[in-house]
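The following block contains the structure, expressed as structure tokens.
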Amino acid sequence: MTAGKVSYRAPIAYAAIGLLSLIGFGLIPPSGRHTTFAISTPKDLFTIEPFTVPSKSTAIVFSLVALALAALAFWAARKRIRLGVWLPSVFGLCVLLAFLTWSAADKANSMPVTGLLQGSLFLAVPLVFGSLAGVLCEHSGIIDIAIEGQLLAGAFLAAVVATMSHNPYAGLIAAPIAGALVGLLLVLFAVKYRVDQIIVGVVLNVLVVGVTSYLFSTVLTAHRETWNTPPKLPVLEIPFLSRIPVLGPVLFRQTIIVYLMFAVVIVLQVMLFRSRWGLRMRAVGEHPKAADTVGIKVNRTRLRNTVLGGAIAGLGGAFFTVAAGLAFGKEMTGGKGFIALAAMILGRWSPKGALLAALLFGFADNLQVVLGIIGTPVPSQLMLMTPYLATIFAVAGLVGRNRPPASEGIPYVK
Amino acid sequence: ASAPSSSSSASASKPTGPAFKACMVSDAGGFDDKSFNQAGFQGLNRAVTELGVTEAHAESKANSDYVPNIDNMIQQNCDLTITVGFLLADATKAAATANPAKKFAIIDNQFYDADGKVLAIANVKPLLFDTAQASYLAGYLAAGVTKTGKVATFGGMQIGSVTIFMDGFADGVAKYNTDNGKSVQVLGWDKASQKGSFTGDFDDQSKGQNVAKGFIDAGADIILPVAGPVGLGAAAAATAAGNVKIIGVDQDWYVTAPEYKGIILSSVLKQMEPAVFDVIKTTRDGGFDATPYKGTLVNNGVGLAPYHDLDSAVPAELKAKIESLKAQIVAGTLTVTSPSAP
Amino acid sequence: MRLELRGITKRFGSLVANDAIDLVVEPGEIHALLGENGAGKSTLMNVLYGFYDPDAGQILIDDKVVDFDGPGDAMAAGIGMVHQHFMLIPVFTVAENVVLGHEPTGVAGVIDVAKARAQVKEISDRFGFHIDPDALIEDLPVGAQQRVEIIKALSRRAEVLILDEPTAVLTPQETDELIAIMRQLKEAGTSIVFITHKLREVRAVADQITVIRRGAVVGTVAPTTSERELASMMVGRSVELGVVKDAATPGEVSFSVRDLTVIDAAGVRQVDGVTFDVARGEIFAIAGVQGNGQTELTETILGLTRPTSGSITLDGEELVGRSVKEVLRAGVGYVPEDRSTDGLVSAFSVAENLILDRYDQEPFARGLALDPVRVRSSAVERAQEFDVRTGSVDDLASTLSGGNQQKVVLAREMSRPLRLLLASQPTRGLDVGSIEFVHRRIVAERDVGTPVLIVSTELDEVLGLADRIAVMYRGRIIGTVDAHTHRDVLGLMMAGVPHDEAVAQAAAHQTVLGQADRAVETSSEEDA
Amino acid sequence: MPGVTPDPQSARLEDPAAETVAPGRGAQLLREITTGNAMISVLAVVAALFLGAVLIGAADPKVQNAATYLFARPGDFGSALWGAVSNAYSALFQGAVYDFDAQTFARAIRPLTETMTMSVPLIFAGLGLAIGFRAGLFNIGAQGQIILGAIFGGYIGFAWHLPIGLHLLLALIGAMLGGAIWASIAGVLKARTGAHEVIVTIMLNNIALYLVAYLLSLKAFQRPGSVNPISPFIDKNAELPLLLGSGFRLHAGFLLALVAAVGVWWLMSRSTLGFTFRAVGANPHAARTAGMSVERTYIWVMGIAGALAGLGGAAQVLGTERVLTGGVAASFGFDAITVALLGRSKPLGTVLAGLLFGALRAGGFAMQARTGTPIDVVLVVQSLIVLLIAAPPLVRSIFRLPDPARAALTGARA
């Protein structure tokens, strides 16, 4: 028998990936190729000129750093020392940079670093809102499969209200109402009638698709000008900050919905784990009977938080229409609600985690787009798999077992 | 509103001859897909108003819906059933064989036998569009108008009726480059290897927006999105970027998406509405024949939409050159090829 | 505060859990509520605590009728309750659990953690609990969880404190401390309702004893009533209180554990070089406070956990490295410490539970096919033999009372030829009647020559059943003693005091229950 | 009853059902029907149809028109509404069960056979999911597993040319294998790394979609001479034979589905493997303590669930569609979640729920074609039916039926 239960799974994975990176991106490709990275955007404070690096040696260097980190992980596992999240993060970054260097080698177009990050955030926005909704619902004990429906309902109402009022901000206020309504239906059926929460969620998604598509084909299409030409939310540039290279365009040159997203993540992260409201909600999701015995109204708590969760997802729905400046379209959320659900689990039911998981997915998705743009030999259908493969890899390789709120999905009966 | 008199409400049907029923089955995109289902459906509606025919229509949500929807149309005694898209080909063929007395038309599909030879079915009329011809002109146009030397195109899903646009576009740009010794670059599609950028579906407009933004970041200033409603996302991205133009597809986006009219350079027209209208009209008048209709620049079945507001952005000699290219294609001295061409 | 319950009736469907119960708790009184499993004690208290609405009857506080709409109202009225099954949230810290429902908050409802911590510390210090306010509940041993529950109730300034079977999980010393706390609270004017099955404890602390049987009050008596009398009031017949058994006739050693060490994922040595032997026809008991490595030890023997080093042999065969299935097939009968999570599938019928570890073997299965007729007929036999009280063997295990559930586990594990019986907490939560039965069966298994290994935190059980006793502390066996060792000595050893020192300390300082024990011994001598 | 003293109070506390003889299987079924589960389902459909009527009325141009002069001639509105709704629902019935307007008997009963045809993939996939649900695995990957089954079964079907009998058999086995492999990925990852099956199956669904799109872009999967993503026809020898001749689409897949349902019943309630599945689902700790391998069970369960879903895919390519396309799975995999849950994860329930969904689909086509009711309204009506069937208490309160909760409590102990 070897030393007890020390797990070498992660170090082995790191080593294997590092090695693959070294061979695949570094050693095998021909030498003499160059990769250009573009950093700056026109409005930046100062310009960082696109710079070119020799592809092969750069990839080798990054891979070697990754391998060194793998060795460190082995050592730490042996000594039973816990290394923080920085290790997987830095490791991932190194492998990624090796990969980017390899994939953009000798391309006519440079690798647009800022655009890559900007797009990642853009694609992540609805996922973040969706998973935050899931976080709220599940912490109070309700499984929210209806995120997709909440996003779609939010997108719909935001478009209609913004069009009617000629004010995108009005749409932003309306969207949460639509999402909350879906949340209300969910919690009503789940709590009052004790219907299996997954059935309700799945069915509500269909219901929302049905209702919005119906209204779209009838009302919205017939009178497009009056109903479905939402004005776009303006981009609010934060003075000075928005002109910092890379960070500025990514973080500070956004519409209000992105700022709201960060605000909601921070507020929820704090409130969920530090406030009375959060404590009570989590108590209800973990052990409703215990909550009941200290005088917390279990079902009322579930109701409120599921509705609130729905509202947050609804707000995320506004992203598809008023924030993006698009008219509503049938089923325009395209399955993002399910990805959001996955992001919530991947983020271990925490707002912070949801943000990171959504960003990971957004990044993988946008990487695929950017590679498509600068030209890639891989067929489009296979490229489109990237974000899903990345997510599976993340959940299987990095995250592993995680624990949902203990009482989710179970109706509370005294 | 006031109540109509009871006599008029009793006789709602139009008094024209023996009733002719024209029907249509959409593919999974639905009739408001901002693309060929919608255009075809407009043709049907025009036939109802102008010819007084009766109609029935069924929207499909999935591949499994085609057979039952077509069958229901037959049960509805449709004289002519128009099916939209190659995915309905097998179902249409089966229904046509089982119901030789009924007439059918199918958009964007040609039948082949087991050896890959074109197959004619006596009661099915294929309605085909060689959109590569029109997008060839669009490519030439884009290459002539671009300031950055980069133009782009992307698709919804990688299927023939999408990539045919992209093939023509790429060839048009290439032609411009050879004619003028320039090196305008096409992002998002490589005709030779048939590889490029796709959003993966025809629903999620934000993906189109993101892809377009990627192109814009990479320096493209004219984009041809071949992705139905997802293309509107590209228009939104172009609007946000400021100096980027869009070339629409299928219909004239200047008309169908007026909120973006300021950036619509032109559109690659696929004239399904008149084609559908015509086939209904001739069938009603007893003139049905199964020879494929092929929309080309010759018969104006495909074409390039007017430049509208951006007319001034197109130099006169470029306009002239495009006209002459069109004439050459019409005359047959210039052929536009695509692996996906009908 | 004077508390009175008048004519409380509570039904669950057609089951009358409380039938017109009257009860008066005077201010500053320790009132014991005694009754068998399922007698309706917890139900009554849950009514009092506002958790259930009674179907009939009234609650009076200081002679005024009150109407509770939920536990919140009851708490506001000064009633606190420590539930039988702890109402603690495993993933929360102690402080969070304590303040839940009445959180001290600052801006925007953010909890004032410092204040919460201080609250815990203050009460913890007052009673000498030694509870870290920032510890997670799931990391705490049950005894500590219990103290958290008490802190929780006290932090709301309860004037009436209901303790529902608080001693079921405590060591004698801990029980002693609890009794001291109860007395301390009583001094301060708090009334206490104290629920238990343990007659010894009742007689040691109660001012009044009310006995409940099958939902109705049998009588209220003084603590001077003899144990035998109380037991027969509870059960409705006379019961044997001690374990009746002949002296052991140990054969050769057949089960040995050598230098067994288990280090868990977090690097903690849960089992630390444990060595012992069990002979045929001998009951070897491992005593110890919960959380001292017993769980890991039994799980390692069963093959659920891989040891870091050491060996386990049964009749000379090495068990380390074998799967659970192989260990069971080698003839190990295993009664897990927690029947509801590890012993039973509550959504399965009694019959299915009776074949849980043999469902794929003859005669229950042929190839892939189960033989439902055999399964059922064998289940009927087992149920009869082990006196499992159920309507039918097709009933779900979840509908059985805890005692009967435990009998199902025993019936399953003891109905095949065994080469080792390994039972953890075999009678946890059972009433006197069921305990008597379970003990008889274990002794019978010993008497046919099976080595028996009992792991128990219950001193009475260890003392009554065992032929030899080992005490486990922090993963080590700190001493092996014979079955006649005094409970106070064992109690001290369970707290980590080595044997010799324990003997000395015990002589100098007797526990309340130890004293009660001696009193019983002398009185029964007088009886005789 | 053994060992109970004849105490007058004991009758009250002891199980009252102990006196009655345990009812046999037949009596139990009878009781289930008479205690109103069937009744509730019927009423649920009635209530849902009533709610749907509102939408149908709102969608109907005649009704809209009459509504504009509602107060002038309310009778018009009433008759228009009645006309629209009765037409729509009779079309639904005629499309799903029996077409009394049909010229021939064959045409008249064709709808029923269509319903059965539509139900085949739902039953297959639903059975697979049901096994997972009972083993505690929330597999929502039926969509991807259907696709993989269709790819494998379809490829063998059109690319190989084998003797009659053997060809079909191999194609079916291939489909099972395809589905099983796909599902096992989630099973293995869960067993080995603890990766949450919900995330993995969602991701695998998306990957499968792109995988089939990719394969269909290859010459090997396309028809000769065509570049469209559509496969050649399945060989005659690999087709699932039609049951009622060429006038009907009903094929042997339906019988296979019924056989599969019986098989699943046997597996789950009469086999040792099913015993393990149920034990692991109900209490993995106890299962592990009893010597079962929880990890191996996860892999088995997913494998079998995937094989069943794969058969669903085979039923589509080899039976109903007879070609492989990218959309071969339609939304069967998602609908199957509701089918399985609505059928309470029991084989008979799943078959019945599958037939209900099949009927709603088949009827939906007729409703759309005959009355012009938008297909989205059909979706809405469908989801309402499911919600109401799943929520008996709601139906009871709508129809003011007595609450049988008390009776049920005593019933449950029997």
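Order of writing sets the chain letters: A, B, C and D. Residues in each chain are counted from 1.
The criterion applied here is as follows: contacts are C-beta pairs under 8 Å (C-beta built on N, C-alpha and C of every residue); 3 or more make two chains touch, one makes a residue touch a chain.
Fair warning: this is a prediction, and the values are worked out from it, not measured in the lab.
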Practice task
Consider the two chain pairs A-D and A-C; indicate the one with the greater count of contacting C-beta pairs.
Solution key: A-D
Handout entry: Separation of mean Cα positions, chain C and chain A [Å, integer]
Key = 46
Practice task
Indicate the whole-number Å distance between the mean C-alpha point of chain A and the mean C-alpha point of chain D.
Solution key: 31
Handout entry: Centroid spacing, where centroids are CA-atom means, of chain A and chain B in whole angstrom
Key = 35
Exercise for the section: Averaging only over C-alpha atoms, locate the centres of chain B and chain C and give their separation in whole Å. Expected result: 76
Practice task
Give me the residues of chain D that touch two or more other chains.
Solution key: 210, 213, 217, 374, 379
Fill in the blank from the handout: Residues of chain C that touch two or more other chains sit at none
Fill in the blank from the handout: Two or more other chains are touched by the chain A residues 213, 217, 335, 379, 381, 384
Practice task
Identify every two-chain combination in which the chains touch.
Solution key: A-B, A-C, A-D, B-D, C-D
Handout entry: chain D-facing residues of chain A, complex
Key = 9, 189, 192-196, 198-200, 202-204, 206-207, 209-211, 213-214, 217-218, 335, 338-339, 341-342, 345-346, 379, 381-382, 384-385, 388-389, 391-392, 395-397, 399-402
Practice task
Could you pull out which chain C residues touch chain A in their complex?
Solution key: 49, 51-52, 70-73, 75, 81, 83, 86-92, 96, 99-103, 105, 108-111, 113, 152, 262-265, 267, 306-309, 320-321
Problem - chain B partner contacts - residues on chain D that touch it in the complex - result: 68-69, 72-73, 76, 95, 99, 102, 107, 114, 118, 210, 213, 217, 223-230, 232-233, 249, 316, 320-323, 325-328, 330-332, 362, 365-366, 368-370, 372, 374-375, 379
Handout entry: chain B residues touching chain A - in the complex, by the definition given at the top
Key = 30-32, 34, 152, 154-155, 158, 185, 187-188, 190, 193, 195-198, 200-201, 203-207, 209-211, 213-215, 217-219, 229, 232-233, 236, 239-240, 259
Handout entry: For the chain B and chain D complex, residues of the former touching the latter
Key = 1-3, 28, 56-59, 61-65, 67-69, 72-73, 75-76, 86-87, 89-90, 109, 112, 114-117, 157-160, 200, 339-340
